[in-house]
């Protein structure tokens, strides 16, 4: 075969997605949090665990812009350190449930029959309970810790991905190019990897983006219920929980709450823009748009 | 002429929820000889596409059998297709759905070359044989028009070195000005590589030009078959006559086709 | 002249000139064919006449409308409300895929009577009676029963007849038919073509028939306009364009068709 001229592979069209103001806003917020997570040790703010009972429960001031909690710890420092727990764990959660859910969903959709029945009935079982309740039960059974909270959330999150993936694969499986691939001798796994998955990956990616905020909230929720981060680890959810107990000190819950809010909104903005950018009706060309 | 494909009393049924069983293909007998071009003609819902899928092993037979070179064709299940059966290849109806949108044209033709039993022609040769330039190999399907995509699909099918090429309404989605050209191209490349061609279409006028033999299908059965010119000029079955009379001929005379 | 007179119709979309000065006459009582390959702009011409061009498209040129009673010097100058009153009432349309152009959740009767009641101000009972007459006119069997059925209960050919019945319900002067038989089987197509011709002759409709099929063109069109790259390259009588094309492009289109002696006559069996 002759050498082919190098042509830049058409990527997921991220540049278009980034050109939207919403996406830029979301990306800036997210980037800021990542920088904070990296710089936490460098900034040299008063350590998040450093207690000073002298200044317990002080309202925001010049010395403590976000105030202090009942043990005299600086809320600003704890909020900024909290991103180190929430953000990486959310990534692990989303990536984990995306991989597990997509694999199971793709196999169920492509192979059908008994495999499909077994996988999807297990998924139904998970769906039968309210997410947070089931996560609580699992986390409680495993014992409170952030790692166990992640496992619990993975168990309750994958079916969502599996269900969407299965539907996408069912649709793509009958496409003529998939059949053509099978006629050329591709086995089911080659066919799935080469012809089916690349063509359904875009919507799955969008789903994952929109799920980030959800996962951060669930994780915060578990911590709030005392099933995630163990004190004294700074984690937004547990900080909000502490704040709620000290009702007169509004700053305790407000600032970590705002932190959760900002990250959730950032991921949602990025997810929305990504969906628009990947939508063939808007992005055109993927399916060969006519006039 | 040796028989390449033999369809003997093939029957394909579908179970329709609440409406019983639908017989899509009803005891069809059909033969395609080596190096022969057979046109299978009929209207939508007559079972011609189902028959094509059955020949590829994509539909289970409820009765009868289908033989390639005397050996029965089994159903393509979940395992990869046995080598023997890869000698049957198909060109599909919708040029916008028959190529993987995320893979280069060259890579998709390469898939075909890999299963070729003998010496496979190069991708460039294959592209040239269907009238495309060598540079097409490095491009993606969306960069081509419908007619060009159908040429790519033909090249991909031919890359596998098939003994039997099936066209399932391969020209139905193309402009009228392209239909006869693409059909003739399919006949030429198939015969050049020693393959037989089973060409399925609803358009008798095009089929007549490229087929050696025509079989007319109605409601799951073949009602008439014979040499192309004979079926065209001297149709025996009333359905064939109706079909022929309904074809609007571009003669500029303003003759309304007969209902 | 009664009918449509399209002069220098241009349409620009996203910086691309899709129509580049289209000149076509669509006189009453005649079928005017608009031929061409995909991308030639023939469908866009039909949509532009109806004011249904894609959002963001800019039109220029003139489309004069005249039916003896109403005269509009240029449809492009009409405000959306006025165009809405004209569309469906005096200018009607039929699309390629009747399964997509009819609302699946509404009965045929509802879809037929709805716009008659709006445009013609008929009572429910009167609209119902007229709807049954229309279905009979387009030869849908047992019209009364058909009114109560839903689109999925009809075959493609019957459905296209229903779509035509809806189009002619308000006695339009102009009918724009975009590939009305392309999705149909050839035996069904023959019936719909006959119906189209009959309605043109009986009702004095001005029909703009958009199709890529020169066979269809040859069967029903009186004049044929051949389009390429947003322009009409040849416009003449059916016989002239198909038998003695003047431009190389029109000749190419005609010659690309399979050469066929008339079937079933014993000719060509040499």
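By written order: A, B and C. Residues from 1 in each chain.
Just so we're on the same page, a contact is a pair of C-beta atoms (placed from the backbone, for glycine too) under 8 Å apart; a residue touches a chain by one contact, two chains touch by 3 or more.
Everything numeric here is computed off the predicted structure, so don't read it as measured data.
A.B. asks: What is the identifier of the chain with the smallest separation between its Cα mean and the overall Cα mean?
C.D. replies: So the chain nearest the centre of the shown protein is B.
A.B. asks: Which chain has its C-alpha centroid at the greatest distance from the C-alpha centroid of chain A?
C.D. replies: Most remote chain from chain A, centroid-wise, comes out as C.
A.B. asks: Between A-B and B-C, which chain pair shares more contacting C-beta pairs?
C.D. replies: Of A-B and B-C, more C-beta pairs in contact link B-C.
A.B. asks: Measuring from the mean C-alpha position of chain A to the mean C-alpha position of chain C, what distance in angstrom results?
C.D. replies: 52
A.B. asks: How many angstrom between the C-alpha centroids of chain B and chain A?
C.D. replies: 47
A.B. asks: Provide the C-alpha centroid distance between chain B and chain C, rounded to the nearest whole angstrom.
C.D. replies: 32
A.B. asks: Any chance you could list the residues of chain C touching two or more other chains?
C.D. replies: 38 - these are the residues of chain C that touch more than one other chain.
A.B. asks: I need the residues of chain A touching at least two other chains; which ones are they?
C.D. replies: none
A.B. asks: In the complex formed with chain B, which residues of chain C make contact?
C.D. replies: 37-38, 156, 185-191, 193-194, 197, 212-222, 238-243, 252-254, 256-270
A.B. asks: Which chain B residues qualify as touching chain A in the complex?
C.D. replies: So the residues of chain B in touch with chain A come to 56, 58, 76, 78-81, 83, 86, 88-90, 92-94, 96-104, 106, 108, 110-112, 114-115, 122-124, 134-135, 137-142, 153, 156-157, 160.
A.B. asks: Show me the residue ranges of chain A that touch chain B in the complex, using the header's touch definition.
C.D. replies: 1-2, 4-5, 7, 10, 111, 175-177, 179-188, 190, 194-195, 198-199, 285-288
A.B. asks: Over in the complex, which chain B residues touch chain C? Could you list them?
C.D. replies: Residue positions touching the partner: 43-44, 145-146, 175-181, 202-206, 208-209, 229-230, 232-235, 241-259.
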